[in-house]
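Common to both upcoming complexes is subunit A, partnered first by subunit B, then by subunit C.
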Partner chain A sequence: MDIGKWLTRFKAVVWLTWKEQSGWTKPPYYFGYIIITPFFQLILYAYMYIVIAFYSGLVDIEMAYYLVTGVSLYNFIGAGLYGLIWTVHSEREHFRTLKYTYMAFPNLQLYLLSRGFFHYITGALSTLVMLLTGLILTGVPLGTLSVKPMLLIILIILGFLWSSQLGIMVAGSSIFSSEYGPLISEAVGGILFLLGAVLYPIESLPDYIRPFADVFPMREWMELMRYALNSSYNVGDPNQLLFQLVVKTIIYVVAAIIFFRFTENLARKKGLLEATLHH
Partner chain B sequence: MSMSSRLSWFINRFLRPAFGRAYVRIKGGNREPSWILWEILLPLIMITSVIWAYENMGAPEFFKGFVIIGGAMMSYWYNVLWGMGRTLYWEKETGNLEVFLLSDAPLPSLLLGMALGGMFNTTLRSIAVIILGVVVFKAEFNVDYLPLAILIFILTLVALYGVGLALSGLHIVYGRMGVRINELLDEPIMFLSGQYYPISTFPMALQYIAGLIPLAIGLDGVRRALLFSEGIDVLWLHLLILFILMIVFYPLGLRILNKIVERGRKDGRLILRWI
Partner chain C sequence: MAMQTTIETRDLVRIFKHGDEEFRALDKVSIEVPEGVIYGLLGPNGAGKTTLIRILTTLLLPSDGDAYVGGYHVVREANKVRKIINLVSGGERPGYGILTVRENLMYYGQVYGLSWRETKKRIEEINELLHLDEFLDKRLNSISTGMMQKYALARGLLNHPQILFLDEPTLGLDVQNARHIRRVIKHLIEDKEIRTILLTSHYMAEVEELCDIVSIIDRGRIIATGSPDELRRLVKDEIIYNIDVRLSDIDRIRILRRFSSVVGYTVKTRQLTGEARIRMILTGEDIARIIRTLEEENIHVLRVSRDEVSLEDVFLRLVGRGLEDEYE
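And then the complex of A and B:
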């Protein structure tokens, strides 16, 4: 495929998403909107730590760092993933535009990826705000953090890759059901929150649940992100974790390409790209 | 209008459409059993995450009960926001709102129907969430104080659905902006209502703000009754505040809805789609 042509389309779809998402208001208000919700989500969970500190009288900076980074970084993954998956439902069921966009951009996987990219950008912005305010709110001294910029950039790219491919697979499944599409996307987001080392380490999970956590690259990504933001955070062997993350990301990318190609073809044969169930 | 014709109007033109709308919501919400399962499992995932987080932090045992009651009662707020407010937006998008407005049934009656149907569906799921929470996490509640908890809960719901009336008006006129306003109200209300912790740990100024939110007062009252065995001698202030909020919010919500609909009629935005 012609890369230049694809990039032109990619840019156009990101621009379309920006217009569609922010068209109801002026840009400054829109930026306020994308920050307010995650901000309150952060203080909702950060306050759990504050309450426990209040009850026990003990301050555990490491716990605060874990919680704040977990919730903030989850926002990046969650915003992108949810935005990408929701595209199928909103375009087919709500606005009934999927068939037209499919004709203009006849590669649904790349189209969804382009749509999702916008949500990853807004997710990254709000994550940055959440991280800074959360760390200040819970009393983590920002001066003690030592950021590894190169690793951080690599991890952001890897995070985008594995989670967007997970989103592609979920979106591929949601083509076949208008009722379950949104539920599946919420369930995947919820499972990542439950098993992805967001609020607590995987080691604290019951033994029978841990193997399910290993299916997702979330734990490796989360732990390495914490390490990249603060190199004194203990992750054991970071190279080993990075290797595991890269391997899982490759598996997700390959699986998503194969799975989505299959679902897209099947959906075309069944005429599901233009079918609406008024749901 | 005589008393008997007023009563007849109320029964035939207000209550009947309300029950008709509630029937549609109950039937529609429960026609597919797997949806019910999903709607129970999804909140449970979040509740489980928070309980495990508290366990990891070494929180006292009663926090499990806090989280389970918080998760179950917060469903009503989602129902007000999304089931009541946003539904009118989608009714407009699909062309049903025109039919509603042209019919003889007053809009508040249809909204009452949505509220009743939504309450029924949410109650089914919330009870299941509480039962599963008790079975799985061994949370303990003092059922001797259940009648008081139910009274607090009912007052909370009536006040809360008064807020829903006003919100549904926003959705009719403001369309997509109304949806965004909903999203903006989601997390702040969860935080201010103390979904996962007691609001008594808030700074005083924040406690005053939370006191204006029926869910915050109701949640606190239900938790105190069921988890700390506090009786009416302690919780009378909760009942009083909820009663005041109920008599303020319901007429206020109705007034706001009427004003917004009136303005929508003048501006021609009531049936304007894709805005």
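And then the complex of A and C:
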């Protein structure tokens, strides 16, 4: 395998995504845009917390930390996942390039990953800004945080891996629907938001829903991220949680390779790589 | 020395299913394309030309049969096939509209694995061939159809493909742009820029001008294969006549079907002049009687001329209807 060629391809695809996303404006405005949208979402939750704290007279710093980290960190996963899944729809329906990309890029799965990478970068950027602002707004003392940098890096990589592989599987499914591709990506993002320990612990969910939450590695990742940012945050046994996350990530990677190969083959069988609605 | 076969299909079948209905787009298609030629697939819309190209470019799987491109199996060795081919389709506007033509080409060059420098150099080479200067730095969403087709051809040449698939490459182009594209296609083979070209078209003149070998395809079946001269010889025993009549009389020309000597005819209307041209294949010198009958039916014959056999006549002779006639 020629690593140089792959890096060239990766660079070109990331550049394309940057141009596609930001081409309508100047870079500073674009960066403002990618931060403002999730930022207002955070403001909404922070305001809800402040109102509850004000009227109840109870200031729960742990709850504030849970809420702010949940909403901010979700943005990293959500932005990347959505960007990756949307690629199939935009390439096929809007740009009409999917068939040419399919012929030019030696591996469609890696192409989608490269396209998603840029969205993870912008997601990480807005997550960082939201996190800092949110913690300040809700009165969480930043000085009490004790960051575990190595664990944080490992978790960011694992987060990218499992969520992008989930995105690959959803993107594979969306090949079969010209119409509902974007809807599928939004639905998956919504499920992760509801079942991923973003706003509330999984334990607060009804018993019959919890097994569905366990299908996704989101809870382990989210809890460990909270722990990596503040080691006083209680996650029980972090090693056990990390083990579970690694195992689920491996399962997702293997499943994505098998599933995507299957969907790609089926798409060729049905002639769907060029299917458009002409809208 | 025998020429090497670069594209080969054996009993290729493709069936599309829509609910309970089945449509056989390709029906046991077998072709052999030697290296160094422009091979044409001539047929009307819906004949199966694009389906065949989609299979050969690995975008679609066949329902049955085998296909090889550059010696590689299109199903089992699809990745190897993709490395040595490229595809240019007419009548489409694929690409990233917000990027300039140059940026689109730079992107695709690198996606094919060329370095930034190699891509830049390659674009210069292609520019010399296609004369893209006037729109190279324009956004893709702002260029005309003719420019778009030149861009598509440029993208198709970026990776130095051994085999180039051209699907209706001049579809929707004006005469001047179509002529330029045809000149470039010829040049690509003459200068050995591309080793083999497989071209589909429903423009008879285009196929006659460009192709060394032509297969006539209709309803998913290959009807005949040969050089344009060989195919024309299939109509060597018949005579071709053009009869110009008034457009308003055209409804009554069904009378021609009464004559057993009329093998077939096509009609092309010219709204601007208010005339219609009947192109007719005759088995004998029956023309005087036919003209007389037309005039008896109050069909005003404007001109009558004899003509050379074209591939369209071959198509008409073999299939029983014209290239531009719709399926009934």
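Observations, loosely collected:
Assume the second predicted complex is superposed on the first by the 276 of 279 C-alpha atoms of A that agree within 3 Å, B and C clash if a C-alpha of one lies under 4 Å from a C-alpha of the other, contacts with A are read in each partner's own complex, and residues count from 1 in each chain.
In this text, a contact is a pair of C-beta atoms (placed from the backbone, for glycine too) under 8 Å apart; a residue touches a chain by one contact, two chains touch by 3 or more.
None of the values given here were measured: they were computed from a predicted structure.
Of the two partner chains placed by the overlay, only subunit B lies in contact with A:Tyr55; subunit C stays clear of it. In the superposition on chain A, A:Arg96 contacts subunit C only, with no contact to subunit B. Within the superposed three-chain model, A:Tyr33 lies in touch with subunit B and out of touch with subunit C [touch as defined at top]. Between subunit B and subunit C, more residues of subunit A are touched by B. By the touch criterion defined above, A:Ile136 lies against neither subunit B nor subunit C after alignment on the C-alpha atoms of chain A. In the superposition on chain A, contact of A:Phe105 is made with subunit C only, not with subunit B.
By the touch criterion defined above, A:Trp24 lies against subunit B and subunit C together after alignment on the C-alpha atoms of chain A. Once chain A of one complex is fitted onto chain A of the other, the partner contacts of A:Arg9 are limited to subunit C, with no touch recorded for subunit B. Overlap of the subunit B and subunit C interfaces on subunit A comprises residues 23-24, 95. Remark: subunit B residues 32, 35, 38, 41-42, 45-46, 48-50, 52-60, 93-94, 175-177, 180, 183-184, 186-188, 190-191, 195-198, 201, 274-275 touch subunit A in the complex. Those residues of subunit A that touch subunit C in the shared complex are 2, 4-5, 8-9, 11-13, 15-16, 19-20, 23-24, 95-97, 99-106, 265, 268-269, 271, 273-274.
Subunit C contributes residues 16, 54, 57-61, 79, 82-83, 85-87, 92-99, 103, 106-108, 110-116, 155, 159 to its touches with subunit A in the complex. Listed in rising order, the residues of subunit A touching subunit B in the complex are 23-25, 33, 36-41, 43-45, 47-52, 54-56, 60, 63, 67, 94-95, 179-180, 183, 186-187, 190-191, 193-194, 198-201, 204-205, 278.
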